[in-house]
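Lettered A, B and C in written order, each chain numbered from 1.
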Amino acid sequence: MQAFESSAAEIDLEPVAAPAPPLGRAIVITSGKGGVGKTTTTANVGAALAAAGKRVVLVDADVGLRNLDIVLGLESRVKYHLLDVLEEKVTLDEALVRDKRSENLYLLAAAQTREKEDVVTAQMKALIERLRERFEFVLIDCPAGIEMGFKNAVAGAGHAIVVCTPEVSAVRDADRVVGLLPGDWRPELIINRLRPHLVRKGKMLSVEDVNAILRLPLLGVIADEPGVIIATNKGEPLALDAASETGAAYRAIAAKLAGEEVAAPAVKASPGGGFLSRLGTLFGGRS
Amino acid sequence: MSGRRIVITSGKGGVGKTTTTANLGAALAKRGHKVILVDTDIGLRNLDLVLGVEKRIVFDLVEVVEGRCQLRQALIRDKRFESLSLLPAAQTREKEAVSEAQMARVVEDLGALADFVIIDCPAGIEHGFRSAIAGAREAIVVTTPEVSAIRDADRVVGKLTAAGLPLRLIVNRVRPEMVKSGDMMTVEDVCEILQSELLGVIPDDEEIIDTTNRGEPVVLDETSRLALIFDKIARRLDGEIVPFTNFNAPTLFGRLFTLWKAG
Amino acid sequence: MLDFFKSLFKPAPSSGETAKERLRLVLLSDHLSLAPEVIESLKRDLLAVISRYVEIDTDHADVTFEHREREIAMLASIPITGIVDRAPENGVRAPDADVENHVIPSLSRGCPEPVEGGHTELPPADPESIPEPEPVLEPVAIVQAEHEPEPEPEPATQTELEPLPKPKPARPAGVGRSRRRRKKYALIAASAAQTKRSAQAPLDEQASAQA
């Protein structure tokens, strides 16, 4: 059953690829530090872009520790992966998994039982180029760290989103990563897992604190909430949940990326919380 | 006599390896052991920040390996715990600057100087991971009760098992209220899935963010519940049998039910 | 009747439970290096082969994998509702010599009693409505699946007849698939020596050599 679905998907890809419109944007989502929410961000921003009608492919560059498939709930449909394509064992169409919820969203999974060193940077670059011919957005989920996997993930991209949490170690690592990105890029920042009540008590860095150090254009702020864990448990990105405020924040980020003029995410994280919406308006003017 | 050499690893980043290393090290030191912490996350070091000794770094791991300083010169002694020291990672170098054999050598040398050498491993399973485990004799795998963290931990458990390292599990960031509502996997689930023995359970506690901001291991504050938990883990590591804290304290009914079942 | 009420009040699986189930499948797939889809078709094919010999209740069949110390075992619990008429014209013959060698002898070893004991009279349509006098937890057959690369003779696991279901560590209410179903035969397929973990990469060998 699933096999039929995915082969149907392969067929309907072809005509779209034919007209060859301008190349899409390849954006790497990176952070240096692990566990700050790169994969969740990739999945949600991708899902939101697709829901807004953009053609999107998400590339999991975390060879050996893939997780984008789980976060999207597509793990049972992954048959082939990035390295299969790079090594020409299967065609790109065979390896692309179409999202079950959106016609516009595709996943190219990473190999799980291989090593990051198996990826040849030049081939990765060429692959991203091919994807850009067919998709408006190519979002690349970068592995943690700054080793080979990071280099390969960045290779084909033309833009970066840096995900950072308001914690000293995450900010330090983000700063390091920004320094390793090509000098002519202007990476954008997503601050993730903000706990407004802790900021208020002075126990957590504020958005301003973080960005006083990183000084990057702010793309969005996402609050820490249990809903994110629940969504990952289920494999359903929050961006598709119309009732979720976090989902709304992701949709706002997607709209911004797509070039729309949007007010910065007016997240309300806590019941009391005019705090984040205040932050929202603060940063709305700046970016 | 050689001290125990334990690597703290996880696969996935951001699950609390560094915080665990710092606090477990401090807890062991507090119990009178001589402890050396090694930050192997070359290029993305953070253990210095968590311990609050970042301003006192003079030499680092890479300089030791390259023979530009003595091993003892590179060790930073913690001012709060006399028997706790840190060997920091280099920040502006690549992980490849230290080979597996070189790392194994350094860790072995440190073993002669301490009761416990605790190695903070970088995220991922690349070169940094391989060299971090090279000198270790046992491992602690830190994970959180989240799907992606467990999947990555599973990869690491496989690799550690293949390398012949005995391992135990610390489940971090457990949110009892989410476990109770069924929105988070239980610690038992995690152990069952990873088929590993449990060493400790750490609840998600905002205190840790605060103490990390200030560079003070939470263990310093003896009244905090996290200090108690790290002390328990340290004792278990030391061979004591210490019962696990039950964060989902059972209701009276639950307790009766358990009694009845046991009977 | 009780089942009906149970199903009325059965809560949807919690997200924690969902997470656990998803992880099980995905890790199995990681360990076997088989796509989840392939694992699903393996289960389907397994049931198809068995149903050529006996009538089974596919809705309540349960094929799971279990990690053991050094291997992955495939465990199947498949309720048998009746015996297929084994006249040759019914096409019961296994085209595959392997299947013939393994399955049929095992069946003939484990099955004669149920056949004579009147199980053939059971209406196959709804086995659950028939109250069984006693829970029958009796191994019926063994299918051995030896792993090609490293056969690793472990007679203990491979020949043992093991009754199913194993008591699972507490599932939350409503998740247990078939708590009331008593008539349950165990069909056990063991076991693939888990080569993935022991042979992960040259780097691991190096490390273990050092250790």
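Everything below uses one rule, namely that a contact is a pair of C-beta atoms (placed from the backbone, for glycine too) under 8 Å apart; a residue touches a chain by one contact, two chains touch by 3 or more.
Model, not experiment: these values are computed from the prediction.
K.L.:
Compare the CA centroid of subunit B with every other chain's and tell me the farthest one.
P.N.:
Comparing chain centres, C lies farthest from subunit B.
K.L.:
Consider the two chain pairs A-C and B-C; indicate the one with the greater count of contacting C-beta pairs.
P.N.:
Top pair by contacting C-beta pairs is B-C.
K.L.:
Per the centroid of Cα atoms for each chain, what is the distance between subunit A and subunit B, given in Å?
P.N.:
29
K.L.:
Which integer distance in Å separates the CA centroid of subunit A from that of subunit C?
P.N.:
39
K.L.:
Return the residues of subunit A touching two or more other chains; collapse runs of consecutive numbers into ranges.
P.N.:
As it turns out, subunit A has residues touching two or more other chains at 70, 112, 115, 230, 232-233.
K.L.:
List, in ascending order, every residue of subunit B touching at least 2 other chains.
P.N.:
Only 146-147, 151, 155, 178, 183-185 qualify.
K.L.:
Would you pick out the residues of subunit C that each touch at least 2 other chains?
P.N.:
15-16, 19, 22, 26, 30, 196, 201
K.L.:
Would you tell me which residues of subunit B are touching subunit C in their complex?
P.N.:
100, 104, 130, 133-134, 137, 145-147, 150-151, 154-155, 158-159, 161-165, 178-179, 181-186, 188-189, 192-193, 195
K.L.:
If you look only at subunit A, which of its residues touch subunit B in the complex?
P.N.:
Subunit A reaches subunit B through residues 32-36, 39, 64-65, 67, 70-71, 112, 115-117, 143-149, 165, 167-170, 172-173, 176, 195, 198, 203-205, 226, 229-230, 232-233.
K.L.:
Which positions of subunit B touch subunit A when the two form their complex?
P.N.:
11-15, 18, 43-44, 46, 49-50, 91, 94-95, 122-128, 146-149, 151-152, 155, 175, 178, 183-185, 206, 209-210, 212-213
K.L.:
If we count contacts the way the header does, which residues on subunit C are in touch with subunit B in the complex?
P.N.:
Contact set of subunit C toward subunit B: 14-17, 19-20, 22-24, 26-27, 30-31, 67, 169, 172, 196-201, 203-208, 210-211.
K.L.:
Under the definition above, what is the set of subunit C residues touching subunit A in their complex?
P.N.:
That would be residues 15-16, 18-19, 22, 25-26, 29-30, 33, 35-38, 40, 196, 201 of subunit C.
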